[in-house]
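Below are two complexes that have subunit A in common, paired first with subunit B and then with subunit C.
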Partner chain A sequence: MKDFSIRLIWRIFSGIIMVLVVASLTFFLVRMMPGNPVDAQYNQLIMQGMTPVQAQNQVRVMYGFIPHSSLASQYMTYIANLLRLNLGQSVSYEGVSVSHIILNAAPWTLILVFTGLVASFLIGVLAGVIAAIKRSSPMGTTLTISGSLLHGVPQFVMGLLLAYVFTTLWPILPFGAPYDSSIAAGFNLPFVSSLISHAVLPVATYALSSYGGWLLTMKSSVITVLGDDFILASEIRGLKAATRVRYIAHNAILPLFTLFTLSIGFMFGGSVFIENIFDYPGLGNLLLKSIDARDYPLMSGAFLLITIAVIISNIVTDFLYSMVDPRIRR
Partner chain B sequence: MKRLSFFMMGAVLALSVTACGNTSSSSNTGTQFTTVYYYHPISPGAPKNPFNATGNSFTSFDKMQLAWSADSATNLNKFYPGLAQKWSTNANGTTATIELQPNAKWSNGKPVTANDVKTSMAVAFTQGTAQSFSLGSVKVLSQKKVELSQLPGSKYNLFLHDLLQQTVVPDFQYSGQLPKNIWTIIQQSQYSGTDKTKAALATKAQGELTALGKKITQFAPQTDISAGPFVLQRLNPGEAYLVKNKYFYANSKVKVDSVSLRNYTGNQQIWNYLTSGQLDAAPFTAMPQNVLNNIIRVKNNQKVVSPSYVAASLAFDQNFYPYGNTNVRKALAYVIDRNAVQKIAEPVVGTPAKYTDGMIDSVAKNWIDPSTQSKMDPYNLNISKATSILKKEGFKKTNGKWIMPDGKPWTMNIYAVDGFSDWIQGAKVISTELTNFGIDANPNIVSSFAQYQADLAAQKYAVGFWLDSLGASMYTAFGRIYGLPDGYNVVGGKLVHYTQKDKTQGNWIGLPETLKLATGETVNPGELTNELNTLPVSQQRSNVQKLALTTNEYVPVIELWDYVNIQFVNTSRFTNFPVHDMGLMNNQPGVWMSLGYVNPKSSK
Partner chain C sequence: MNAERSIQSPKLYKTAAQSKQSFLKTAWKAIIRKKSRFAGFIIILFFTLMAIIGPNLYPKELPIDSNAIYAPISWKYLLGTDFEGTSNLALIITGARYVLLAAALGALFTVIFGTVLGLIAGYFVGWSDSIIMRVTDLFLTVPSFPLLVVLSTVWNFGQPLAMGFVLGITGWGGMARAVRSQTLSLRERGFVEAAKGLGLSPFYILFREILPNVSSYIGMNLLTSITGCIYAEVGLFFLGVVPFHVNNWGVMLNMAVFSAGAMSSPTALPYLLSPLLALLILTLGIVLFLDAIDEIFNPRLREDV
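So, the complex of A and B:
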């Protein structure tokens, strides 16, 4: 128990250091990008028909949201604020705090990616076991082909295809908002069904494009386990098929478990293509908008959230893995 | 395993049924009007404040102006009434009197008063907008009448035009955000004389206004108080839902019960909404021919064409050899087949530019006299003329390739921006045409518009795409060439010219400050353009003629195509769209509705 506590404290400490390093790197990287928020806004105002003088005067207000001290001093302020969990104010969403914007977008990414991830993982793992056990049958072959095909289709192609079929060719599913705004949000049937109907396409895109990977990995893992001595022994001892499948699944799922927990960490990165295609308001979409507007604080905040999520999931994976696989603890 | 499969099948089925059962929930309940909000993203958490760039306040629906511009190229002061019922100016246009709609009320039932206008103008000073149209003072004449004057000595010719487009907010909501001595601060900030004490006070006051501007921008009212036809009820990150404002002054004219405003993140979203028949009206968006065909095929979708004040052009940084030579730019203008370029690059919303003159053709016909027109070169496709010009300038053709006078082969990178599909296609066509002519040209794509602008300003591109002729105002249109891009800027009220040697000031065109025209006259295009800011419209013609001739003769850009504004309406659920009033059509649907347009089909 003492060892566990020391390991945990050490991992958390190294995680914090890693977060600070990544935060520092992203702070400078985003500011090295060409263009700046004022130029981006200025041109937008000109396009809206303002005269250059009007546009200049108007961006003066936005200019008030951009720090003007030296980069080093801005960096020190940024890190000091970060230690107080203050991510600063957005430039493009004038005066709105970065954490507020990110916290508004994060749940939609969670809904999209987490649901898609869990669905694709469950279906992929199940299909992978079947494809491995029945690998010589037409069913196994069909499953493997479906996995290979879907694995080869990039997410954005899948998204565009589903969008075309279900919103244009056969327009039965909505897109462009997380739910119908004419319905009051709350735990009621119209709202929940609106929420689900709007999530179907993005979730299905994620699930379909991830399913193949899980299936193929699980199939390969199961085939490896099938050749192990303990499976042969269990067959010779006449154990029931269900028990044998449980043995196989328990051992074969270990590599997938690591991938799954890491994927949970990466899910905060959103699924940029999917969110963009369906205009789903998650972190991926937010990140694109912030890059477009050169909104440095928002970009830094979004990158930081992704970093923290990956680091936490790494730590959690490490500890959970040692519980799932006792050999790790030795 | 069987149980799991059964459960999953059931879940998928339930999901599908639920989903399909609600497919068109957002479209529609008969009198719910669905469109796309084009100006800014819909963002939960952003304040319900029209002065915030992304605030949840929507022009023409719950964000009201004094009046709505008809966007007329010949009469910039043509407006449709908004909160102002009537307006007039004195003889020289320096003072305007506004009479508010007698029945105008806020959505909480309180009347809209002249005091609201005064407070809104004070807020406009904190945002920098009032300074841009030289507003000097505001005098409340009665509860519904207000007089606004320009700064003493100022004669800004777009005073009324800009003034009428100001947003009006309630005094009872915003006055608390301003200090009691706000008008003293404003007056102090306007001092531009030589008295050091007053100048110091002015600088201090300007700083105070900037700080107030930031405070106002951040201000987040608890509720949406609207004087418009609608009031915001709720929103999510993709959609805003507004319901009819029962206190709106023209309530009986508004036949729509609620409005759903969809978020806009890119053209693709609008195309998809249109092809799935979800929008009752859609703003202008560029699109390829096949997308247009798909949209038109949708039952009751209608295309509406109205004027657009913008042209696409190929611009040159004259700091790069050999583009500093006017004859080289002219030769290139003869080589580029603008008809072919437009047909491929912008077939749906473009017409080939007839002249390179800094204006779109539909506007030029109102401004350019026949005698000036006759002096202009249309630069029709003429390869032999281009060849002869280049040979005269010392260029040689060897093995089908042009060699520049400095002995180097002539190569050209044409820059366009990723996502600007028309520019990219245009760059490809022009590259092909130039390559066939013997110049080794290639399209080059820059990842974002922000980077493109920064690189242009830093003089990194010799040849690239540009939008010129922007807006109905001639000052704005010519400012796209002879403004910041050519090194001209207004600093402290005075025109300053920065040469290309100073790479920090954004001069990437690099024309000489004065140019001699074929007529023998010497002109300064930056000064001529700047004068358009103050000259009355009736006196602008002479400047416009000279600027058009300068542009045609010195070819700082080659105008390729004029854009055309194409909007869509769908008559499945609503009729009576203002499709025959182009000025009105170019406004947001809230303006149409407040003027009695857009009727639900059932109530016909």
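So, the complex of A and C:
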């Protein structure tokens, strides 16, 4: 137990270091950009009739540091602000704090990808077990081929195809918004059903493009387990086929469990294409829009949150895995 | 030193050459064993040829024809035309070079960075290992596609080489980890100990003794990272975060969806479908071919038993 907490503290500490490294990276990236966006913003505010002091203060609020001071002191103010969870203000949404905007966008991504992830995981793992056990039969081959093909198709191709088929060719689903804007937002049946019907295609895109990966990984994991001695032993002991399948699945799913928790972290940044195609107001879309609008404080904020999600899920994965897999537990 | 040279008997080299030849033979056998694999091989060959000779078939500036804007599919325009009346087929064929060259370079850089760093970390252990592994952790943690999107604000992706370099820089982490763990197990083996005993230089041991033993893994990774690179690169153009001064399938997709309204207007549909079709066929080819690669490198998957 003492070991456990020391390891946890160490992992959290190195996670924080990692966040600081990524934050520094984006800081220097923005400073290095051609046309220096910080100076450009400052000059633009002067042109709008602000005094140099006012403009300097405004830029400081936006980017989290004072323009025209030394690079080292700019960097120190930026990091100090960051540690106080102050990510500055957005340039394109005037006067709104970056943290407010990204926290509003995060749930959209979370719900979209989490639903897709769970659906594809359940179906993919089940299909993977079948594909491995029946790998010499036509059914197993068909499953494997479906997995390889779906795994191979890039997410944006999948999204565009689904969108075309179900919104233009056979228009049964809506497209291009998170919900019907003519319905008053709130917790009522028409609004909720509009939310759901608009989410079907993005979720399906995510689920279909990750299904193949789960299937193939589960299949190869099951095949590895099939060669283990305890399976042979259970066969010799004359255990029922259903029991044997349970043994196999139980042992084969462990490596996938790690991948699953890792995917939860990556899902914040993993739906850039889907959010872009279906105009879903999540983090990926926010990142793209901030680049389009040259809104660099928002860009660094969104990118930072995407990274933090991955770091946290890495730590969680590490510890959950040592709890689930008795071979690693000490 | 001379005495040491003579220890490497010429016979050893011969067997290496022979094993290379027999490797190609088993690879070829695995490819032609199934029709689907052979089809995949042909598709990849076809796209490679398209990338190499394609741009030479057309003038540097593709002809535009204001009378044939969004022309339907016909004998003259096998895949229809785009918003300026340029043949979609010509756009696909000439665009293939950037798409495939950048992906090949990206995969090459990924594999080179990953292999060299993984070999060094795994062989020397100690401080170089800790430094390399911390950096690897960083690159494995930072989500690579969003990072590419952010990097697109400062990086000029006009040349395939520049694109490939960034794809390699963001993607080598997993490769380095895997090569390191294989090197760690190989460095304890007899032949490495023997080479050390002979006083051969560490770099000779790394690149002449250990590298050949991980080469099959490297070859497999080269192919799989090509697909990853194609998607990332075409995807960046599709999202429109990269300036459009090159002909690329992603640019076509972006223009078709976001400017031409191909999702709702049937006239612009061929413009959307042609790059989608090219990507799908190439994907299919790679998927079918990877099946053969799987069998070559992973004997456990062979189902003859």
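Rule of thumb we're sticking to: the second predicted complex is superposed on the first by the 280 of 330 C-alpha atoms of A that agree within 3 Å, B and C clash if a C-alpha of one lies under 4 Å from a C-alpha of the other, contacts with A are read in each partner's own complex, and residues count from 1 in each chain.
One rule holds for everything that comes next: contacts are C-beta pairs under 8 Å (C-beta built on N, C-alpha and C of every residue); 3 or more make two chains touch, one makes a residue touch a chain.
Here the structure is a predicted model, which means the values were calculated and not measured.
In the overlay built on the shared chain, the residue A:276 is in contact with subunit B and with subunit C. Between subunit B and subunit C, B touches the greater number of residues of subunit A.
When the two complexes are overlaid on their common chain A, residue A:239 makes contact with neither subunit B nor subunit C. Judged by the touch definition given at the top, the superposed model places A:289 against subunit B, while subunit C stays out of reach.
In the superposed model, A:161 lies in contact with subunit C only, and not with subunit B. By the touch criterion defined above, A:254 lies against neither subunit B nor subunit C after alignment on the C-alpha atoms of chain A. Of the two partner chains, neither subunit B nor subunit C is touched by A:324. In the superposition on chain A, A:34 makes contact with both subunit B and subunit C. Once chain A of one complex is fitted onto chain A of the other, the partner contacts of A:175 extend to both subunit B and subunit C. Of the two partner chains placed by superposition, only subunit B is touched by A:196; subunit C is not.
Across the two superposed structures, the residue set of subunit A contacted by subunit B and also by subunit C is 33-34, 163, 167-168, 175, 276-277, 291-292. Against subunit B, in their complex, subunit A makes its touches with residues 33-36, 39-41, 43, 46-54, 56-58, 60-62, 64-65, 92-96, 100-101, 104-105, 108, 122-123, 126, 163, 167-168, 171-185, 190, 193-194, 196-197, 200, 276-277, 279-281, 285, 289, 291-294. The part of subunit B that touches subunit A in the complex is made up of residues 1, 4-5, 8, 15-16, 18-26, 29, 32, 39, 41, 43-47, 51-54, 126-129, 131-133, 158, 162, 210-211, 213-214, 217-218, 234-241, 258, 260, 262-263, 265-266, 268-269, 272-273, 275-278, 294, 309, 448-451, 453-455, 457, 467, 470-473, 475-476, 479, 483-484, 490, 533. Looking at the complex, you find that subunit A touches subunit C at residues 18, 21-22, 26, 29, 32-34, 135-136, 148-149, 151-157, 160-161, 163-164, 167-168, 175, 220, 223-224, 227, 266, 268-270, 272-273, 276-277, 284, 287-288, 291-292, 296, 299, 303, 306-307, 310-311, 314. Contact residues of subunit C toward subunit A in the complex are 137-138, 141-143, 145-147, 149-154, 227, 230-231, 234-235, 238-241, 253, 257, 263-264, 272, 276, 279-280, 283-284, 286-287, 290-291, 300-301, 303.
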